[in-house]
Every structure is written in C-alpha cells, then in structure tokens.
Amino acid sequence: MDQLKKRLKIKNILVRQCLSECLGTFILIIFGLSASAQVRTTQGMKGQYLSINMAFSVGVMVAMYISRNISGAHLNPALSLCSCVMGQMPWAKLLPYCLSQVLGAYIASAVVFFMYYDAIMDYSSGILTVYGANETASIFATYPSEFLTLGSSFLDQAVGTGMIMMCYLPLVDIQNDPVPHNLVPPLVAVGLLGISMAMSSNCGGAINPARDLGPRLLTLCAGWGTEVFTAYNYWFWVPIVAPMVGAVLATWIYVIIIQWHLPEMHLPQLEQEEPRSDLLPGTGSHRSVETAFENGLELSQKL
Amino acid sequence: MDQLKKRLKIKNILVRQCLSECLGTFILIIFGLSASAQVRTTQGMKGQYLSINMAFSVGVMVAMYISRNISGAHLNPALSLCSCVMGQMPWAKLLPYCLSQVLGAYIASAVVFFMYYDAIMDYSSGILTVYGANETASIFATYPSEFLTLGSSFLDQAVGTGMIMMCYLPLVDIQNDPVPHNLVPPLVAVGLLGISMAMSSNCGGAINPARDLGPRLLTLCAGWGTEVFTAYNYWFWVPIVAPMVGAVLATWIYVIIIQWHLPEMHLPQLEQEEPRSDLLPGTGSHRSVETAFENGLELSQKL
Amino acid sequence: MDQLKKRLKIKNILVRQCLSECLGTFILIIFGLSASAQVRTTQGMKGQYLSINMAFSVGVMVAMYISRNISGAHLNPALSLCSCVMGQMPWAKLLPYCLSQVLGAYIASAVVFFMYYDAIMDYSSGILTVYGANETASIFATYPSEFLTLGSSFLDQAVGTGMIMMCYLPLVDIQNDPVPHNLVPPLVAVGLLGISMAMSSNCGGAINPARDLGPRLLTLCAGWGTEVFTAYNYWFWVPIVAPMVGAVLATWIYVIIIQWHLPEMHLPQLEQEEPRSDLLPGTGSHRSVETAFENGLELSQKL
Amino acid sequence: MDQLKKRLKIKNILVRQCLSECLGTFILIIFGLSASAQVRTTQGMKGQYLSINMAFSVGVMVAMYISRNISGAHLNPALSLCSCVMGQMPWAKLLPYCLSQVLGAYIASAVVFFMYYDAIMDYSSGILTVYGANETASIFATYPSEFLTLGSSFLDQAVGTGMIMMCYLPLVDIQNDPVPHNLVPPLVAVGLLGISMAMSSNCGGAINPARDLGPRLLTLCAGWGTEVFTAYNYWFWVPIVAPMVGAVLATWIYVIIIQWHLPEMHLPQLEQEEPRSDLLPGTGSHRSVETAFENGLELSQKL
C-alpha cells in the first residue's frame, strides 16, 4: 500500500490540480447530463425540467467538496479566468485548468452516453439528430431556441455567469464575514439552482464553457456529426465566450460596489503576516480581492 | 489599481448603502423575474409555478449575502420601515433606501426584458397586454385574481409580509439564541419560499413594495401602457401599502409575545458596553428590539 | 415604551409558554393551510401537492424558531405528551399546552378562511361541502380515502408521528452529538417534509392532533356543518389518538435501541453540575432521556 | 426504569451495532417505499417521481442521525464493504452488518405493505403482479426497463453507487477540511437526491443491495410470487453486486486522485497521539484513508 502510494503519488503540483479539476468537472457533468438523459428519454415520466436543474446543482456541490482542497474547485473556465484576472492564479495555469475541465466534461459525457445508450437508442429509434422532435443532441450540449437572436443569447449567458460570481464572491470574501469554508459548496449549489431555473430556457443555461464544449465534442465523436458545431449558424461559441465576459464584469461590479466599502474588521490577525505569502492573502487594499479566490488555489500552490 | 480604487471609492456612507441596496434588490429581482419569464414563455415546458417561487427564494439568499454587510440587506421597503419604527435606522434614511430598492428592481426588470425580449415577443405575438390569455404584464408586476375583493388582497399582502417578519426576527434577535449571522440568508430564503408557495395565488405574492413597483414602472416604459397602473381599479397601491402595515404589526406581535419574555442570558458580555454605541446594541430592556435589525445596519453607520 | 412593556409583560410562566405555543402553532398552520387553499382553489395551476408538503415543512421551521426559547416549540400535542411521559414536563402543563396549540391552529384556520374566502367561494360556487368533487373541507382538516380501513389509517398516523420523533430525538439528544440548537428547526422541517411526501395519501398526514382538530373546529363554525365531525363514521378521532400512541412508542424504541447504548463522552463538563437543576439536565443514566426534550422547556421553567 | 434499563441494555457491541443498522435501514426504507406507494397508488395525484427521490433522501438523513453514533450509519452493504476493504471494520463484522441492513429493509417493507394494503388492493384490483400496467412489485423492489441490456444496468448501478462514495468521502475525510460531523447527514442526503434524480430511470436506482433485497424478499412472501426474483432473467443480482463493485472502485479513485495529495495540515494535534488507537485514526500516510470511515465505527468498537 505504501509502496503503491509512493509510485502513484504525483509530484507535480499542476498535474495534481489538473487531475482534481478533471475529476471535479467529471462529477458535475455526470450528475447533470444523467438527469438530462433520464428526463428526456422517459419523456418526463421519471423526472421533470426541475430535476435537471437540481441534479446540476447537486453535482456542483459534490464536485466542489471533492476538489476544493486540491485545485480550488473552479470547475468552470470562467471562474479560472476571473482568478487570473484578479491575480490569484498565474496566467500560465489558465490553459491547463481549462483543458482539464473540458476533458473531465468529455469523459463524463462518454460515461453518460454508455449508461443511457439503450435508453437513447430506444427513444430516438437509433437516429441521433440535432434537430427535430426526437433530437437527442441537447441531452448533452446546449442549443438556442429557434426564435433567439444572437444578442439575447449572449446577454443571457453573460448575465447567468455573472450571477454565479455574485453568489460565489461574498461567500468566500474574507472581508465579507463569509460562511465557513466547508459550507460554501451547498450554498453555491443553491445559487446555481436559481440560475438554472431562471435563465435556461433561452439557450440551455450552460454558463460554463467546459460544461458545454466537453459534451459537444462527445456528441461529435459519438455519432451526431458535425452539425453539433454548425447548428444555429455556429452558435457553439456563445456559451464559450459569453460566460468569460460576464464573469469578469460581475467580479468587477462586486469589487467596486461592495468589496471596497467593507469594513476591514475581520482581518486584525492577518495584519502581522509577512507582506507576500503564497499561503495567505496579500497585503493592503487588494487583500480581499485576491483572497476571494483563495478557496484552495493559493493553498495548493504551496504544496 | 490602487489609483482606481481611490478615485472610485465612495466616501458618503448613505450612498454606499443605497448602492448596496440597489445591487441587492437588482439580484433578487433578476432571479425571480427571469424564472417568471422562463416559465411563462415556455408555457411550463421549462419550469413550473414552483420554480418561480424557488427562484425568488434563491434570489433573496444571494442578494442578502451580497449586501448584508454594507446596508443590512433590507431589499424591501417594508423591512426598512420596521427598522425605522424600531429606532434602528434614522427616518431620514428611509426614503433613500426605498428609492434605491425600487431603482434596483427597475434595472433588473429592464435586463430581464432584454434577456427575454425574443421569447416574450414570440409568446405574445408581439402584442404586450395586461389582460387576456397571452398577457405578459404579470411576468413583471403582480395583479389580483378576477374574483378577489380589495379586502382579501389587502389581508393577503399584510399577512404574507407579516410572515416574513416572523421568519426574520427570531433569526437575528440576539436574545433568541439566533443562528450565526452568515447562515441567516438561506434560512430567510426558505421562509420566503414557504410564503411564495402559500400566499401567492390571490394576487401574486409581492409582499415587497419595491419588487412590485419597480417592474411595474418598467412595463409602463417598455410598452404595456398605463393600464399596468389603472388595471383592476388602480389596484397597484395594495402591494405597496399592505406590506408596510403587515410588517409593522407582525414586528409588534413578535416583540410583545416573544421578545419581552426571553431570558436575558445570552448577553452577559455586552452588559459592560458603553450605554450607547452605534456599533453595538443599546442598553436596557429594549436591547434586542433594537438589535433585531443590527444585521449590518448599525455596523455600516459606523463606517 | 418601557411603560408599555411593564404593563403588558406577562408574569405567569405558563401563560407565556401557552402564548408562545399558540403563536407557533398559528404560524405552522397558516403556512400549511394557505398552501393547501392555494393549490386546491387554483386546481393545481399555482402549486402542486408537493408545495403543500413543502409549505407545512417551512411552517414548522419558522414556528420552531419563533417559539423554541419560550415554550420549547412543541407545536404538537403528541410531542407535549412524550415530554410528560419522559418526565420532562409536569403533567399539569399538558392540557394548557394542548389547548394553546389547538387554539393557535383554530385562529390560523380562521385567517386562512378570510384570506382565501373569495377563492373558496369562487371554486366551490359558494357551497361548502365535505364530500364530492368540489369539496373544500379537506383544505382545512384531513379526511381518509374512501377505500381506507380504520386499522390502516390508525397505523398510518401512528407510524407517521413515530417518524417525527425518530427525526427529532437524535437532533436534540445531547449524548448523540446533536447539531447546534439553532440549526434543529430546518432539520426537523426536512424530516417532516419526508413524512408529508410519503405518508399523506391515505388520510392526509395530520400526524398532529392540533393541526387537525383546530381547523376542523373552524370548518364546523364557518359553514361546513357537523359533517366535518361525523364524516367517515366519526373518523376525526384517529388523527387525535393515533399520533399520541405512535409518538410515545417511537420515543421508547429510540431510548431502548439507541440512547441507552450511546457513549457518555459528550458530557464530561456536566458531571460537575449540581445533582438536580431545572436549567440543566439531570444526573445519572437518565440524563439524556430527560434532556432530549430540554430544547427550551427546561429553560423556560426557570424564567 | 433503571431496573428496566439494566435488564434490556445490550452488552454485546456487535449486537448493538446490528440493531442500530437495522433501525437505521428500517427508517431509510420506510420513508422511501411509503413515498413510492403513495405516488403509485394515487397515480401521481398526491406526489410525483421527484417526491419519491426526495423521500429516500430525507430517509437517509433521518436514518443517519439515528444510527451514526452507534454503528456508523452505513445503511448500505456497499458502504460496509468499503469499510472492510479500507481496514476500518473487521471483515468478521461485514456479514452481520449486511444481514441487519437487509432485515431492517424487510421489516420496513412489511410495515409499508400494511400501511398501504388498502391502497395497493384498490389500485391493483387485488391482483399483485410484477409485469403489466397495474404492476405493484416495483413499489418495493427495483426492476430494469424493458429495453435495458445487462451491461448498461450494471454500469448504471456501479456508477450510481460510486457517486455516493464521491459524495460521502470528502465529507468525512479529516484531511479534506470536512464539515462538522453532525452536518454530514443532510449533505449526504442531498448527494443521494442528485443520484436518484439522475440515475434511476434505467433500473430504479437501488444503489444499495439492502434497499433492493429486503423489499424483494417481502414481495416474495407477501403474494407477488417467485417472479420477483426470476423476472428479467434473474436480474435481481445486479443491484446486489454492481453497487459493491462501484463503491470500491470509487473509493480507490478518490484515494489516489484526491486524498494522497491533500496537505496534512489539519492534523497537527493528532500527531502526538499513540501510534494505534481504536478511538482515533491511525498514523502515517494512511491516516485519512482509515479515518474516512471513522464516522461512528471506530468509536463504537471502543464501547
């Protein structure tokens, strides 16, 4: 056992973190897409739209508990980007994080595809399509409503991802009397549930580039064809780009309207810290901007 | 960055608090109305009545976490009024608070209008009406049922808002062994969910003047016409006035039946405090009445 | 203000406790019955069976937060009975507690009747009946299914109430590593939600004599006639008696199978206490049996 | 009373633990199957698929609170197996644990059968069958969909049980900054809710050999005949074997990807402990593997 551990234990911190993000995103997606497949293939007999929303939300909670102490439980390239923008994560880590998240989502989609293979084949009579009444592509990736203009779908994705940040930031900002670290996951999950129930009818509520791109790649490989990317005039880029924009904007709004004006009363014991530590937040007025993301990330850089 | 912060940081406390209330109410309303738009425009295919109730509830939680440490997270003019009646907030702040809340609700309604513009146009065939099968006004503001008398709707709104106070007060009253401050938002959200599920069929369950007036003003501006105010014999004043009355009455019932009889055992360490501090609750028997509202408000006056 | 407090403050402890139970039960019932009225009178358009279950559950949470530090938040004669059986409450208090609970439920039913008067009249075409497709009596009290035998309904009510005790006892038993006192209400509420979803189709899932008798008396007075008591062969006694029996049996099962075998490790600091204090649990092996109910009761006897 | 306690108190630790597991599983199953019976026999009028998922979830929470401090609240043979594989429980206890769980599930099924006897007879016109539109066997045990291949159902059960472990392990792993012990039950319950909503349409989502075998035995005895075991080509072994496989695999994935790389920072005060104590986790690098299961088990071995 100890032998095995010595051989298999990963020395490289970034590889550890990427594995953790990959496993976390795998769990998030397997919950969400399974529920999606269950509701669709039973035509609502064994679930409803609400249960898909709830399953994604539970998936986020479980995934955050799994990965938060290794990689910070980003699970979403938009969150990783904010983390870089705010100076919490080196830019060099952004791409590995994002790729790990997409990979986790891809593997999860594959597992869901095999688990629900019989059901999907039964439901779709064996014809995997992107359009039509029996289409099954939207079990995996998101697609816009017929009537939706590009602007509306971009706004929808940007606002939705912004709302995630509005939910996440006060929960981890140490100047804002945050909840205990180990209770953050269920509260973020509740916030996500709200967003899923409120902003998913226009274009599926991906609000996470990895959640959308990973499953889309799976459907490309598994038999739905290139239409999964070309559909709706190459719409697939919207749930990749818009969440990035929305997340960064929301972070700035939070920082300017809320964080700068919070009393600095929760930090007395940190004042004596060294003026730059990887394990602890920085000094001066930026402190809480930076520490908003310290839920795991900073910690793991020290490993 | 520090430069930017120095320039943009707001010196005036009241302005900070108003911005915080505005952002908080914005978030509350954007969750609730988006869900309302999603359920209506998909005709229940992507959500149900329950998901609207739940989305408002999640919105309250997220909004309270955002604004509680700057402005006390009132998010509701009725709560601000109680705060003044109980001597927790100077009367001079009441109007700015209420206006900020209405403004936040108005802006949120506008964002929801743009996000769901395509969907609303598709659903209503482009005709924005207050009455009829395809009416879309009630996505935003609340309207009474056809059969409802004025007395019933007033009672409905007063009791509903009273129940919010019954939920909120024991959670923040320091004499009543309250929950930790940073766990109040999800519990208030659960209470609100109960009220939404139980007291919203008569007349929409606004129980918050800002939640109703802000979106109503938006519909006035966005093309629904003056009927949004004249409908049902100028009914719009009920969800503005009744919540105020109900909230104050419920607060008094709580104080008289519960608070006066609580043991004063949780406060030993506060007895030594100076006999009037803005940061800490007052002295004597009124203490907990006053401190019931101290969740942020008192604190921020000190900033 | 101080003047007013001096005049209105209640000196008698039992009266305080009864008022608190009355207010608590009032809140519990107003949540539950409002939801019931909302779902019935809108024929499921603005709610569903699940929302009635959830509203009762939220009502329990809010009511427990209101009354737990004055009267122990029994809210249910079956719980008060267990409390007496276990020696936690003097038998002399049982009747006043139960009457207060029934009174609170009665007043709440009356408020719901007025709030939903227009809706009930519209739904039932003005004819208040106990039987038939448009019956409205079951909005308030519970009635058995047509096919149900007396034995099944008695078993149903006894098991349901027993499950409440199975949920409640480990949460407050200080030997069982209980949750913090101020987090008990939401967890009991979740337990009750489970029972409502699982054991309410046979005969309405009252599992609380006050919840059933109070509203039944209101329907007697408000125009449904004596049939509310005579219906189904005077069935009304079942939700009064069976919960009492089930609660006591379940308490004993918990004590024998679980409590007697718990390690006494959580109590070291209490060992030094005086051998009989009203404020703290008793001594010896009975300690946690007695303290299972100390969530407020013991405390308030000291007032 | 003391006399009674002396006579009835169980001296043998294993018997205590088995009784505790039996009572815990009894509660879990009585919640879940009652909801299942309620939804089926009312044809969805008093509940929906989601309420069955939720009731099982609530049942897990209540059952965990009941039994966690005596027997560790396994409630699932797959969890007991993992516990043995990881060296947390002696292999000799595995069979008694599993039998107790099956027994608890069997007794609960019998109680549900009597509670819903009238309803089941009314719904099925008195004919208890495993196949057909009015079949009632699936109220109790799980059966696969018509179209399902053996491989898919095995994968489904293995992945589902694996997800339970992914939810459970970080919540109790002391190296992973776990939540307070007494808040684990509701969080595991939420995880289970997600799995029930996402992975139960293929073959009922048993993910627990005791949950499936106990009720299946009851249906065998209560009149459904041997078909409950022979149906779908003796499919009953899948929800017994697959969860075992899935749980062990998931535990290893968690250990290798997450646990080995966690900082050992949460344990400073434990380093001074004796190098092998039954009450406290072991030493060296295995510590948290072993302690992942210490939620009650280790503790009770000391009794």
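Letters A, B, C and D name the chains as they come in the text, with residue numbers starting at 1 for each one.
By definition in this document, contacts are C-beta pairs under 8 Å (C-beta built on N, C-alpha and C of every residue); 3 or more make two chains touch, one makes a residue touch a chain.
This is a predicted model, so every value here is computed, not measured.
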| item | value |
| --- | --- |
| Numbering shared by both copies at the chain D-chain A contact, with half separating same from different | different |
| Gap in Å, rounded to a whole number, between the CA centres of chain C and chain A | 42 |
| Inter-chain centre distance, chain A versus chain B - centres from mean C-alpha coordinates, in Å | 29 |
| Sequence positions of chain B contacting 2 or more other chains | 48, 50, 183 |
| Set of all touching chain pairs, with the criterion as stated earlier | A-B, A-D, B-C, C-D |
| Contacting residues of chain D [partner chain C, same complex] | 1-2, 5, 8-10, 16, 19-20, 23, 27, 30-32, 34-35, 38, 41-42, 45-48, 50-51, 54-55, 57-59, 61-62, 65-70, 111, 114-119, 121-122, 181-183, 186, 189, 299, 302-303 |
| Complex contacts: residues of chain B adjacent to chain C | 48-50, 53, 145, 147-149, 152, 155-156, 159, 163, 166-167, 170-171, 176-180, 183, 187, 190-191, 193-195, 197-202, 253-254, 256-258, 260-263, 284-286 |
